[in-house]
Amino acid sequence: MNTMRAYYDRYLPWALGIAFLFGLLVFPFYQRESPYWVYVGANALFYAILASSWALLAGYNGQFSFAHMAFMGLATYASGIVGREAGIWALNWSPALSIPFGVLVAGVVGLLIGYLCLRLRSTYLALFTIAFAEILRLVFKAEVDLTGGPNGLYLKTFNLPFLEGLTRYASTYAPMYYTMLAVFLFSLVVMYALVNSRYGIFFRAVREDEEAAAALGVHVVRVRILAFVVSSMIAGLAGAVFHHSPGIGIVVPDEMQIGRMSLVIAMAVIGGSNNLMAAAIGALFLHFALEWLQEIPMPDALMSWLQAHQATLEAWGFGLGEAGLKTNAWRMVAFGILLMVTLRFWRNGLVSPILERIMQARAKEEVARGRAAKAGKDLADVDKLVVDESPNEGGQ
Amino acid sequence: MRLELKKVVKQFGGLTAVNGVSFTIEGSQLVGLIGPNGAGKSTLTNLISGILKPTSGEIWFNGERIDGKPPYVIAARGIGRTFQVTRAFRRMTVLENLLTPGLAKFGNRKSRAQLEEEAMEILRFLTMDHLRWEYASNLSGGQQKLLELGRLLMMDPDLIILDEPFAGVHPKLQRTIYDYIKRVKARGKAIILISHDMESIFTLSERLLVLNFGTLIADGPPEEVKENPEVIEAYLGKDEEEDQFLPTAA
Amino acid sequence: MVATLLHFVPAQMWLITPEFILRLLAEGLLIGLIYSLMALGLTLIFSVLGIVSFSHGEFYMIGGYVVYLFLQKFQNSLPRALTGIGALLAAMLVTFAIGVVFERLFLQPMARGEVDRPNEYAILTTFGLAFFLQYLMLGLMGPFPKKARRFFDLPVFDAGLIQATKASLKIGNITLGAGRLIAGLIALLALLAMLYFMFKTWTGRALQATSQDRQAAAVVGINPMNMNTLAFGLGAMLAGLAGAVLVSVYSWVPWVGVIASSKSFVIIVLGGMGSIPGSLLGGLIIGVVESLGTGLFPDPVRAQAYRDVFGLVIFALVLLVKPTGLFGRKL
């Protein structure tokens, strides 16, 4: 192994990480002519936080929750309600106080739901969390006095003077963008600290085999609830901050619907749900891709064909005339296909294998050395008979 | 180390899998647990390790009643076990597999580096140190079995229950497992060994428990048990069951 | 809260008459039959493939749209009853075909054991299909609600106690809309046909055998892979049929399936996963509970909003308290 290669392997992750961070930091300056894209960037960061915290719960701990968006909404509504000036439970708290309160509510409810879900496995857990998310959404929609109903709840936005100054140099949406970036980096730091602690290993051990982990002394109840609470609180934080930021200031119950949740799941899965960073990058990338696709006009040939046959299609009852030609549904169709193909052929997502390759140069080297050692005479005995064994063994 | 079962009963619906089993294991004994298929060996193991709760009866370990406690508490008290079908954490590396029980036991009291050092020592003993970064799913069935035994060493319990450690393992690899059992015994641990491999169980164990239809029909030194008419009938009395000495298909 | 509750109760009291409750019961049972039909499809899929299809509601949605499109095209060129039958058949055919293709492409590899972590894969891949179908139909049909016209009429007669016009049926003081009545009757027929198929025909028995013991079924010459495909296709078809009969009752948007599928989840969990009688009874229970719950909820404004909550609350409770449901054997 030559030294150049070793340096490369060692410092590449750092170099890429710093470049990525730098890119995120200067983005609003780079895009100062087009505030729309900075707004998209803030949205993308919001989704990146949600996708990576979902990955913590589903990818690391194996709890397939569909209630992640519900926790996001719960924290936002809780902080919005106590922040109101008038109405039921209005306390007129400032966002600095109401946002932590909302996050706390998400954490407490997450604790409760996590505890209730302890007995439920994969499909049952998915079903239960869908039910919980839908109940919450429908209740928020119905309790008009408390939540503003389907029209949404208006929120007090926060103003950060030191960021407001930036609007002159960067974009109007710079304060919102940088707030989301701060939350994004904060939650990544928190999650990585957790994942690199012993709990990271427990999370995965419980995901792989809960019974075996318990038999080895892992406190499975604590581990599962911890994963649920932390990921719910991070989702709540992302939601509460995002909706309170200047430029939004409202939350509607339909943001908690299963459709939005499936978007987050799709982003995490396409990025790679077994890796926090991969899920986050996947979400950033896909959100931008979706926005960008919206700007691309339909190919002329297709457009003219559709226009020529519009009458026929409409006689059949298709809705192309109303909104079909311009609808942005088609980008989501492509997204759906991408999701299914990724699932089928790249189980670990599209971004995650690349990241693992970059990050685990050392591990790969060890494995390679280990494989080479198999040829060594000390181990020849054991390994030969290992090869002899039937391949079916150990599978289920 | 003292494990005591008092009239333990486990029923599944109308079926009585374990029917009033009582025995005591004290000190560093190697106890063999045998019995025909469906005799209740696995159920008994699951009862002791807390995966199942007994319908009635009591299980005591080191002066503490443990039946009904969750498995991770029982594990923390010092009972470790393997599973009949290997249950390695497949999407974790070999090293991480070993670290799991270490971290669960010591928490922050031992540094990660210290635990990794211990894990490497165990892997060297199991002749698997070259595989430490490999995902467990890439190991062969026999290696996964060794990995499971390695996790137990890391956990360092007072009582180890080995459920069919020889099943599906290449005969030559059994030597490593033999060494393993001797090493564990040398540390002063008690072992309950469940196996269909009569030869190894008769050579290894100092005491044999024989289960049949959920009832303990014999308890004593292997030579004595071999002569026990009830045991002979349980194993040989029936005409058709030729395959009872073979490993069970799970 | 209590004050609001008290405020609404007296104003509503005059409505709660025996006739009113009977009408709610009848409507609940009719809708319940359709729920049962959908849940039966999900049960069939679960018992043979061992997975819960999260795209079940989207087959329901597709079924409705196919009927709508079929009626748009043919309602003037074919006799009325024939159009109706043709529309239903078209809906069944299309949903069956989509189900079969999806099963072959995405679920067969799982059944062959080529996929890691099959539980997770099954959830995500059916979810992915739901996502895809929803947006595909949004692209094709647009976001605005569509409503198909009623495609069967009631025979007009007057037998004293029971009177029927084209659009409604009157039994005593209770009036039922023809749309729901016909939807319920078709669902009942389909349920009976399905039960006949499952219990009396060779293929149906083969499906059941596969659901009980795949290896044993394979030994007696049943190809379990084909049974998987058939079960998924039939399950999708039943959902499609449920949508097809309801498209003339409700207005149709690309995301109607979300609520419909969550209802089928409620039912299969309530009835016990994989239990046929459970899904039949569960459907009726949920239909009645919803109907009564909505009708008797003290605040009429919120009642409509809470309509879907009743079932979901039952669902969450069953999952927590008795995950095996009414008829389920074992988790």
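Letters A, B and C mark the chains as written, and numbering starts fresh at 1 in each.
Heads up, the rule we're going with is that a contact is a pair of C-beta atoms (placed from the backbone, for glycine too) under 8 Å apart; a residue touches a chain by one contact, two chains touch by 3 or more.
Fair warning: this is a prediction, and the values are worked out from it, not measured in the lab.
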| item | value |
| --- | --- |
| Pair of chains joined by more contacts [C-beta pairs], A-C or A-B | A-C |
| Chain nearest the overall C-alpha centroid of the shown protein atoms | A |
| Geometric centre distance via CA averages, chain C-chain B, whole Å | 49 |
| Cα-centroid distance, chain A relative to chain B, in whole angstrom | 41 |
| Distance between the centres, which are taken as Cα means, of chain C and chain A, whole angstrom | 32 |
| Chain A-touching residues of chain C, taken from the complex the two chains share | 51-52, 54, 68-69, 71-73, 105-106, 109, 113, 115-117, 119-125, 127-136, 138-144, 146, 255, 258, 262, 265-266, 269, 302, 305-306, 308-309, 312-313, 315-316, 319-320, 323, 331 |
| Residues of chain A that touch chain C when the two form their complex | 62, 64, 116, 119-124, 126-128, 130-132, 134-135, 138-139, 141-143, 257-259, 262, 265-266, 269, 315-320, 322-324, 327, 329-330, 332-333, 335-337, 339-340, 343-344, 347, 395 |
| Chain A - residues contacting chain B, complex | 198, 201-202, 204-205, 207-209, 211-221, 274, 363-364, 366-367, 369-371, 373-374, 379, 381-382, 385-390, 393-394, 396 |
| Touching residues on chain B, where the partner in the complex is chain A | 49-51, 70-72, 75-76, 80-81, 83, 85-87, 89-93, 96, 99-101, 103-105, 107-108, 112, 127, 130-134, 139-144, 151, 155, 168, 170, 172-173, 176 |
